[in-house]
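Naming follows writing order (A, B, C, D, E and F), and every chain is counted from residue 1.
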Amino acid sequence: MKNMYYSELGKAQVLIEALPYIQKFNNKTVVVKYGGSAMLDPELQMNVIKDVALLKLVGMKPIVVHGGGKEISKWVGLLGKQPQFVEGLRVTDAETMEVAEMVLNKVNKNLVQMMEKLGVRAAGICGKDGSTMHVTRKFVHGQDIGFVGDIDKVNTALIDTLLENDFVPVLAPVGMDDACQPYNVNADDAACAIATAVGAEKLAFLTDIEGVCLDPEDKTTLLSELSLSKAEELISDGFIGGGMLPKLKNCIDAVKNGVSRVHIMDGRVMHCLLLEFFTDRGIGTAIYKEN
Amino acid sequence: MKNMYYSELGKAQVLIEALPYIQKFNNKTVVVKYGGSAMLDPELQMNVIKDVALLKLVGMKPIVVHGGGKEISKWVGLLGKQPQFVEGLRVTDAETMEVAEMVLNKVNKNLVQMMEKLGVRAAGICGKDGSTMHVTRKFVHGQDIGFVGDIDKVNTALIDTLLENDFVPVLAPVGMDDACQPYNVNADDAACAIATAVGAEKLAFLTDIEGVCLDPEDKTTLLSELSLSKAEELISDGFIGGGMLPKLKNCIDAVKNGVSRVHIMDGRVMHCLLLEFFTDRGIGTAIYKEN
Amino acid sequence: MKNMYYSELGKAQVLIEALPYIQKFNNKTVVVKYGGSAMLDPELQMNVIKDVALLKLVGMKPIVVHGGGKEISKWVGLLGKQPQFVEGLRVTDAETMEVAEMVLNKVNKNLVQMMEKLGVRAAGICGKDGSTMHVTRKFVHGQDIGFVGDIDKVNTALIDTLLENDFVPVLAPVGMDDACQPYNVNADDAACAIATAVGAEKLAFLTDIEGVCLDPEDKTTLLSELSLSKAEELISDGFIGGGMLPKLKNCIDAVKNGVSRVHIMDGRVMHCLLLEFFTDRGIGTAIYKEN
Amino acid sequence: MKNMYYSELGKAQVLIEALPYIQKFNNKTVVVKYGGSAMLDPELQMNVIKDVALLKLVGMKPIVVHGGGKEISKWVGLLGKQPQFVEGLRVTDAETMEVAEMVLNKVNKNLVQMMEKLGVRAAGICGKDGSTMHVTRKFVHGQDIGFVGDIDKVNTALIDTLLENDFVPVLAPVGMDDACQPYNVNADDAACAIATAVGAEKLAFLTDIEGVCLDPEDKTTLLSELSLSKAEELISDGFIGGGMLPKLKNCIDAVKNGVSRVHIMDGRVMHCLLLEFFTDRGIGTAIYKEN
Amino acid sequence: MKNMYYSELGKAQVLIEALPYIQKFNNKTVVVKYGGSAMLDPELQMNVIKDVALLKLVGMKPIVVHGGGKEISKWVGLLGKQPQFVEGLRVTDAETMEVAEMVLNKVNKNLVQMMEKLGVRAAGICGKDGSTMHVTRKFVHGQDIGFVGDIDKVNTALIDTLLENDFVPVLAPVGMDDACQPYNVNADDAACAIATAVGAEKLAFLTDIEGVCLDPEDKTTLLSELSLSKAEELISDGFIGGGMLPKLKNCIDAVKNGVSRVHIMDGRVMHCLLLEFFTDRGIGTAIYKEN
Amino acid sequence: MKNMYYSELGKAQVLIEALPYIQKFNNKTVVVKYGGSAMLDPELQMNVIKDVALLKLVGMKPIVVHGGGKEISKWVGLLGKQPQFVEGLRVTDAETMEVAEMVLNKVNKNLVQMMEKLGVRAAGICGKDGSTMHVTRKFVHGQDIGFVGDIDKVNTALIDTLLENDFVPVLAPVGMDDACQPYNVNADDAACAIATAVGAEKLAFLTDIEGVCLDPEDKTTLLSELSLSKAEELISDGFIGGGMLPKLKNCIDAVKNGVSRVHIMDGRVMHCLLLEFFTDRGIGTAIYKEN
């Protein structure tokens, strides 16, 4: 007669296997940088949100930091402007900044909506709310590229309030300077700054690559773990280039500032967050500090 | 020698005169519906925000609910669409809803920014955050006008959390239905529903009229106070029409549901909120319940 | 390449499927009456404890109430006495009571030990600690059967303290009368009294039968749900007999006193608690109140 | 039409101008030493109390420390005794001490009464309550002048309790020694000791002089600000004499012990506290620590 | 060898005997009306204070309400006035009121001092502090007797704050009317009003008589217990007269308003409070409500 | 007439004499190691429990740690085994460990029962509950003596929870190693480890000797106080031997680790704890740290 429960029993065993992982991260704060393809494909999007919801429900305190670059370009275009970039950074005049905020807030509240749909309480904020992110104007080799900011101070009062009261904070990468002028902020930088300021246990970057590969063309050279010193060595030896360079530098900063482990993972892999948190087979690359 | 302090002394006396008013509203929750011309003129805008900041600093708990109708029309136009209305309600297709949310969030975070600039902690939310406002689809005489919702449930958990932790909640009038589909909501309705749900002491509507006039063409017929029964009588006798009718009905509902006093005031009057709260000369019309 | 994650992905999907169930029982108190074969077989025992640990970790507040009948008989025998029963109740002289307490505490602390091994904080108490269970002497048709008590009052102060401070209370069925004389208590009665007193959401009896069958000889007559009125009808019509009769009466009492659902399930089924709580296929019989 | 609001609008603007000051002192503890003519003139008295009430209502935590020298002399006289002083200190035999306590408590409860009349909750204590002020006997050049004490320990438990529960503590300058014998204490010393012990942001002395003048005969030599080192220099150079000397030494001590700014101001100026706290034109002399 | 401990052992046994009494009153609020000879004799005074200190230390929450009639008369006399009474109530002109307050505060702070000397934290307040006692002017058969008030409202906020923070409140019988004018209040009335407002478990009147005697001339007719109905019967039958009548009426009021037991006891008996609270032999008369 | 109160008055005076002692230990944590004859004689047992109850009721936070050696031997014998010891430590095979736990829990819950009978809330735990005591296996000169453990870590979470919620923790000396295997622990060691971990003010060992005597045969050589350095000197000079040696070493450890005073006293003296805590005549030997 037990046969009738067979496949259900399998499910129960999977839950039991998750026990030590759930225990390990109980009450820990984790920051998820949500970006790349995982933001565009509706199925992937829902999977990421479900993963975050589960992290919350089994006792962690997730914070989501998201980007919105491709959507911003689309809307800037709709309004008849041509997006411009300097070294990968969007040149942001006042009009572009206005559109950028509108689009980022749209993405932001959309993520909140998906989370609330799953029954998880969420609150969508940007760096202006509670003066969460303070910035200074960024210059690229002395060139003014408009309202693009470098985060120099994080005020965690609002995020702390939300976490303590059981809301998942969802943060759009907009900051303000001393004059309370809004600035566009790189989402990776924002995730890193927030993770450091709240003393997160983990910071996970959902990206469009598998992780750090010694040879970017050859996925079999993926490094599943990377110590701080090794990461710095790879950079100084010139192995790391392209978009991975600033990302890896961010990871190194976060680890140096107290985040236990920073993960670079492929957001296109279904349930990549759960695979990383709740199974033995971690995915992507984990950067950590040697003791 | 005391002369040199003369004008300063005058200021001190003004502060002292405010004492009993400050005492009266200490720790009380007040909802400010912010709309009309006061949202468009930059000087008026800053004055309203300063007033709200002062209410907060002298011990009240203000909540700001704002609209954004004119801005929405502008952006819908920018994108090449023609705004459509049925009985004053915007026909809201999916595309319009997307733009409406973007614009309302822009307005929302802009108000937050102004408040933070004054050193007051604020958090910009909409009815999606924390599932604060739940709606059902609205039909006008059976006609479907798209994503326009009637509020039928308010969840105050997020607003309560923000108030208790010293943030001023700034709310955009967007709600969700059972399927977590976003809906446009009338801002007056939203202010009324929130004031009722949090048990506000006062609800103040900033409008473009002086208040309730027996003869709308003759401002000398302004009623400075209006009891519930008198208000209902005016309506049943057909004295009230136009945009005032739904607004007054909202006021009546709010008073019936426990808000002590509801004010309709002219948002174009500089510091109208302070005049109402801190001086003997109330402005506009106050609707109240007879004992 | 995604293939290498295949079985892990399956696991992630199982976790995601559990999401709505985890949500449903979040922060709810559940009482597990642990007895029968599930206490004797070491593998079953470990499975039950793991299930309880998982309930705790995903946000519920489990309380375990256990029996120990067979162990008591064994130790009474080791000391050269012959166990005696009147209508299924152990005749309990002073010497037997001493042994019963020793054995029950041994079982109790052993369960605590298993839970601590899984990293879950537990505290083993009996009804004497904090005067948790107060009893009066029980008579069977006027016959004195010794230190066997009927629970007439539950003091939840100690259990509440433990739950609020994140400990799983594990309770041995011993109570005290007015003179603080210890008494043996039926474990089913104890589970029922505790569940009622703490206002538990669920009470689950782990037994050696599949649930309530219309024909005990024919397992295909298992009733998966049973309303209060139907349960009372079955009893008055004489369908229920044997050991099931007092158990079902207990269930009825618990539901009448506010426990939402009471489950009779087969403790020999691996992970029966998880199957019941986290999958669509409930097992055993659920007794509930019609609205 | 706006004309009718004109003077009211002026008032509103005054309130708005106070905004940054209110913000600056929000939740800060300030000690007001209340003495001199401001205690004798009923109108001045009411103005000081109103000022303190306003400080409380806009979010500060004021503590009032008062003297009562002239009243004590009056009552000692009424009872047929001749007040005696050694270097400005009252020779205090047992009988005089009894009268002093009675008079100080009368003044104390009278201030409480005035504050309660304004709707501000206050509690009148002396250094005996909660053993708030511990003293040792003071000798003047070896001469015993009776029950005059030097404060050597402050127990802030009662004051903290009152502040946390929204009462304004009003303190009479009476202390006790090891044997719990009451002693008269100089009110300036008491204010200074209390401000230091509670870590006050500000300490304001209401006196009968304009502040520190380089030439006491020439009010145009008033110093509006005075750094610690400059104050010490003035003393060592012999510029400071008379009653100002001990007062300035007290100020220096307070600043050295952590009080941010100490003010000596003319209590005869109407609303001097508000002028100092809420306008740009500070009055009197502020002693502060250079960074 | 145990002999050397003999008398110490006796002491230990006394402590053990107090165990059930300590338990019974643990965390209970008790009001002690302190007056009569026990206030004048220094040895009795210290004994009463020690008793109150012990009540506090073994876990009760005592509140002391004191009188001061004889002292007031003495000081009024010292100032050359003749005390006047109408039906036992002091005719209180403005000057007398000023002296009365001074004297009552002197007595008040003296009791605080004695308690602090025993290491018990105390705070001396009157009905003005925190607007604890609100009164209306009392008239005797229409005759105005000055500032003598009837308590009509008690605000327990300050007393609650003190009790919760481990201070013993010591209260002088002064109240204020709507205009915050101070009034003299009968201390028995004050004790009764406070006991009722805080929901005291016990109210003990220390008086100069043994208790209620059927024949005031014959102490053997002392009633050790008196039910509400019996007390009312005694009054209506004319058995009770003199100063006992208002006191007994107060007791009846207190019991009717929720105080469990009210005691009238002889304050001249050493340690009368301890005898009443900690031994089987209650003293004086206890008024209680029949179930 | 006062004569009739005479003996009661004497009792009141004893209570008053205890006042300063009660004050001194108010809110302090004290650990009582309960063992020896005081555990076997029913009258002594009840006296010790009454003493502990009184400590609790007058405001201390007692923790009881008990042994059970003689009872364990009895039950091991009942089951037909011969107790074995190596250097005073019980050789503990699996079967003996099982019996030891049963007996210790029996003793444990019996003490709880006695305390509850006196109306004091108690909770019986062992080192397994809440993983309170972690041990490593003990070897005697390299010889394995079975499940006998050395405490190397104390987790005070459960004890803290119980103390904060007004329960008296009663602890049986059983610990667990890394594998959650239970181990027998020396009760003196357990008391010492717990007292150190919770930062107890006092640790009192109830033993069968008067205290530390310079000549164990001559009770007149009893040392009533012993400084740390003197105690270490006595040991190094070889004055201390037998069972006193490990006990004294434990005392020294406890004092070195922050326990203010450790007492070795004769548990056979009636109310020895009260004599020590509440009278001037301390009993036994107190070990303390010189300043």
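Just so we're on the same page, contacts are C-beta pairs under 8 Å (C-beta built on N, C-alpha and C of every residue); 3 or more make two chains touch, one makes a residue touch a chain.
For clarity, every value in this text was computed on a predicted model and none was experimentally measured.
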Shortest walk length in steps over touching chains, subunit A through to subunit D: 2
Subunit E and subunit D - chains in contact with each: none
Superposition rotation for subunit E onto subunit F, Cα-based, multiple of 5°: 180
Greatest separation from subunit C - chain, by CA centre: D
Whole-Å gap between the CA centroids of subunit A and subunit C: 44
Between subunit B and subunit E, centroid-to-centroid distance (C-alpha), Å: 55
Subunit A-subunit E separation of Cα centroids, rounded to whole Å: 67
Chain contact topology (line, ring, star, complete or other): ring
Going from subunit E towards subunit F, every chain in order around the ring: E, F, C, A, B, D
In the complex, subunit A residues that touch subunit B: 78-79, 98, 101-103, 105-106, 108-109, 112-114, 116-117, 121-126, 128-131, 157-158, 161-162, 165, 167, 174, 176, 179-180, 182
Complex interface listing, subunit A residues touching subunit C: 1-2, 5, 8-20, 22-23, 26, 47, 50-51, 53-54, 57-59, 118-120, 210, 219, 269-271, 274-275, 278-279, 281, 283
